[in-house]
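Below you'll find the structures, each written out as structure tokens.
Two complexes, one shared chain (chain A), two partners (chain B, chain C).
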Partner chain A sequence: MEFLITNSPALIVAIPLVVAFIIPLIGRTGDKARNTFMLAAFALISFLVAILAVNIHSVGIRIYTFGATTADLAVPEHFIVPVRIIFEVDAMSMFMGIVVTTVTLAALIYSLQFLKGQPRQARFYSLMMLLYAAMMGLAFTGDMFNLFVFLEIASIAGAALAAYRTNLADAVEGGFKYIVISAISALMVLFAIGILYSEYDVLSMAAIAHFIQYTHLDMIALGLLGGAFVIKLAGVPLHMWAPDTYTVAPAGSTPMILAASYMSMYALYRVTFTIYGGFIDTTAIGWAVIIVGLLSMFVGVMMAVHQTDIKRMMAYHAISQGGYMLLGVGVGLAVLADPVALRAFGQAAMEGGIFHLINHVFYKALLFMTAEAIFLRIGTRDTNKMGGLARNMKWTAGFFIIGALAIAGIPPFNGFASKLLIYESVLKFNPVLAIIAMFVSLVTLASFAKVFYSAFTGAPMPAYKQVKEVPKSLIIGMSILAVLCIFFGLFPGLIVNNIVAPATNALINHAGYVNAVMGAVP
Partner chain B sequence: MTEYIPANFPFLAAALLIGIAFYIILFRRNLIKLIMGIAMLSSGVNLFIVALGYRIGANAPIYTDVPPGPMVLSVPQALTLTSIVINVAVLALMLTMIIHTYRHTGDIDSEKSRKLKG
Partner chain C sequence: MYILNYQYAVWSPLIWLVSLAVVSIMVFIWRSRGRKSYKEATAQTDVFLSGAKVPPEEERHVKADNIYWGFFESLKGLYRWMMKPHTGIVNDYLLWFVVVSAIAILIFFVAGS
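Coming up: the complex of A and B.
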């Protein structure tokens, strides 16, 4: 047990990597053996994530140094900077880890019967595990270069998953767009890493944050990093890829690619708060984040209203909801240097933004899954061709209602809890921003009401009289997320106090992150 | 000979490569040319990083029988090597996707082969 707690950060990334390459081998003996092996391995990984989460909850921050005599020996004797590869896990990393693990669990179960009877399933699960490993690596890494490496692994796995249905022309196009924008943004990140390395001769984030001088070169690096992560998290005006990629990604992989885009949002927070947030006034950076958030909220929802493709509409809503997170955390970033304002509303705004991240990933994953379930049964994503589906697909319709009410911010679902937190705190910062956020929420509700009426209600269309409910594993996968949506909506205080507030404090606690690695340096 | 080459020559070359690459990526519609642009972008970034660790007239960072004098910094070389390997994988994946696109649409023009709109 002691061994598992100590080495869990490394094992959580290493086991899925190994499993990803064993899956095709075991897949040769049969689908059943492969699925059992994969679920057993993922249960083990989830267990490790759980014990690490409990551990982080009590100790606050942990580092894991690869190849050192003890895991917490970041700076070896006779050295003044960390030279080894370091994983640094704080409450914010763990928060992202919990989000990703839950979504992956639901997505894997969902995909089991979705793909039944289709060829090349082993490759699908292999890519899913690869994407999971990359996302956990992104969450845990304490080192800029590994950030780049995991970003690239996530891009390759995500693009291959999006283009998995190579028999469809649009799937290949969506995957191709994703890999192109990922490659460009990853190279921008690499260039920025080169600039930072040339100045400070270190790659560890904590060490860069310790030595940073805030020169003009640093600001160029920040611009490159910020631009790259905004592309990857699909913030307007760099969002063009997201609707195409989310629309075509098959089965349970859409929620995974969605989660991967929020890992880029995490990387943006990590860079702005941890590396640059130490001693300079971050007001301008905060306002830049707020403006991207506002644009995403507004443009995303306006584009969503007139879409007829159900997944494309949800993808535009994903962009719009991403704006809420950026708005909340951007307000916190703008007042980071002002302790009074930070305590009065900045911290609450950040909590709202971060809480909205976990809520959004859960309900949007649920919505994407219902859309894929409809596509599985009737073979189209066009809402004009759907009608009366609620009669035969009762579970799917129920899950769609839960997701739609949650995204529109209706109590008692989880979207309400986090949006209320954002409205209240942003109102104290700048009332105009809060009013725009509320208006966007109303349009969201209207848009989902329209889709629900056209797809699920009314007389069943003659062509879909024989449509059956989706298989059990799809319902189980969706119900995991639906239950969490309701649970988070009923007990928001419990969730905010136990996982969201520690994550917010970890982001603000710049010195804690730096000292965990650089502690021994005078 | 080497002293006639300005020390920042590699950086100028990297900037030129990155500039041309961005021009190709933004303004060319042929998908193969787009991929060539990304390959040039990665070469430019790799050249930038490897040039950071280079010292004119320095030795290779191999510690056995090394002659006295300054040594080239080895970390950027390790980074570049990793980045080259990753980029090979990315480019290969892109090319396979273009083959599929060509099979479906009979075109590799980014406007004509487009299915997803709105």
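Coming up: the complex of A and C.
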């Protein structure tokens, strides 16, 4: 078991990478063999994630140094800086790992019957595994250059998944836009890494954080990294690509592309808190994050309520909900240098923002899945053409209600618990911000009431009278997320204490992250 | 385990669930006291629209476009302003990216000096 725990950070990234390339080969023997292999491999990966999460929860940060005599030998003998590739897994990395693994599991199960009979299934699953490996790599890496590499892998896999339905013109366009903005933003990340490397001769995040002086070059690097991550996480005003891409991505891939966006949010947090956290004026940067959050919340929700394409509407809501996460963590960042304010409300605001991330990924993935279930059955995303679907698609309607109530922050679903934390703590920081957040929640509820009324209620449209409920694997995929939405809402204390609070502490604990790699290096 | 307890916020879903159960029971009792002797598919259950001919059920469904019409009409100016940057052209998206990155660098320069 110790061997597994020690090597799990590398295995969790390596196994899906290998599986991604084996899937097309096994796919030649038949769909059943391919699906069985893929699910078995993912069960193994999930097991590794689970044991690593338990270990991180009990012992703290874990290092994996590639090519070293022992996994935790970050700085080789006779060296004063780390030179090897390092995975550094703390509670925040593990939190993202849990989010990504859960969503991928639901997405894989959902896709099994969604794709039945469609061509190029092996490629689809290969890309999903590739995207999963990239996201886990992003979560675990302790090295800036590898962050860029995993960002690129995630971008390529995400774009290919978005454009998977090549018979639809808008799918190709959505995929194209995703790869263009991803490639340009990744280039800016690479440019920023080049700046940091030219100054400090290291690529390890901990080492950069240890040596950083916050020179003018570092400010430029921070601006480039910030811009690149904000466009990838679809923060307003850099959000325009997201509705074009999320709308067209098929089946389970939409939740995964959504999760990939939040990996950029994680990267933004990692850079601001871990690398620059000990040196910069966090008040100014915190306010910059808050403003992006507020704009995202407001513009996202106002655009969403206006949409008649069900997935486009959900995509705008994803932008809006991302604003809550930025607001919560931004408040924490703004008061990071003030221990009294941090203790009084800053840490709770950050917990709210981080708790909202996991909640949002779960209910938004569920909502995207219900939208795709409708599209599968009636062939349109236009809510003007829908009506009375609840009579024939009872499960889908039920899951939609759970997702809609969760995103609107209605108790006892998970969205309520995290929004409550955000409202209460942000209120202490600045009441206007909390009021805006509550208004956005109200418009969110109105928006989903509109979609529920137009799609599910009333008499069935003549064309959809024979519509049937979706196949079982889709229902199982949606059930996993629906149960989590309810569970997280009923036991918020359990989740916050065991997953969210350790992740928040890991983000705040700048010195802990640096010392885990740099140790006693002067 | 159930409770999110901070100095200023307490949330217990169990209390909420008990309240929901009580309200549900009250609604059920209220509904069961309703009149059961009506006749279906007669004038007793038909929709009455000031004597005008009522269209069939599927034609009565309000389309998504028409929901919240007044809200969108009164905020027409705001929506015109918000939709303007949503051109759908990827070149424009990247222009925004360049501008925002430049502003971010400026903010960091001002805050850092």
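The definition used in the following text is that the second predicted complex is superposed on the first by the 519 of 522 C-alpha atoms of A that agree within 3 Å, B and C clash if a C-alpha of one lies under 4 Å from a C-alpha of the other, contacts with A are read in each partner's own complex, and residues count from 1 in each chain.
The criterion applied here is as follows: a residue touches a chain if its C-beta (ideal position, glycine included) is under 8 Å from a C-beta of that chain, and two chains touch if they have at least 3 such contacts.
Computed from a prediction, not measured in an experiment: that's the story for all the values here.
Once the two complexes are overlaid on the shared chain, A:118 sits clear of chain B and of chain C alike.
In the overlay built on the shared chain, the residue A:180 is in contact with chain B and with chain C. In the superposition on chain A, A:29 contacts neither chain B nor chain C.
Judged by the touch definition given at the top, the superposed model places A:169 against chain B, while chain C stays out of reach. Within the superposed three-chain model, A:191 lies in touch with chain B and out of touch with chain C [touch as defined at top]. When both complexes are overlaid on chain A, the residue A:430 reaches neither chain B nor chain C. Judged by the number of chain A residues each one touches, C leads among chain B and chain C.
Residue contacts after overlaying the shared chain place A:241 against chain C, while chain B stays out of touching range. The contact surfaces that chain B and chain C form on chain A in the two complexes overlap at residues 176, 180, 184, 244, 303. Remark: chain A residues 176-177, 180-181, 184-185, 188, 214, 216, 219-220, 222-224, 226-228, 230-231, 237-238, 240-241, 244, 280-281, 283-285, 288, 299, 302-303, 305-306, 308, 344, 348, 383-384, 386-388, 411-412, 416-417, 420-421, 424-425, 428, 446, 450-451, 453-454, 457-462, 489-494, 496 touch chain C in the complex. The touching residues of chain C, counted against chain A in their complex, run 1-9, 11, 13-14, 16-17, 20, 56-58, 60-65, 67-68, 71-72, 75, 78-79, 82-83, 85-88, 90, 92-94, 96-97, 100-102, 104-112.
Here chain A touches chain B in the complex through residues 145, 148-149, 152, 155-156, 159-160, 163, 166, 168-170, 172-176, 179-180, 182-184, 187, 190-191, 193-194, 197-198, 203, 243-244, 247-248, 303, 307, 309, 312, going by the rule given at the top. Across the complex, chain A is touched by residues 18, 25, 31, 34, 38, 41-42, 45, 48-49, 52, 75-76, 79, 82-83, 86-87, 89-90, 93-94, 97-98, 100-101, 104-105, 113-116, 118 of chain B.
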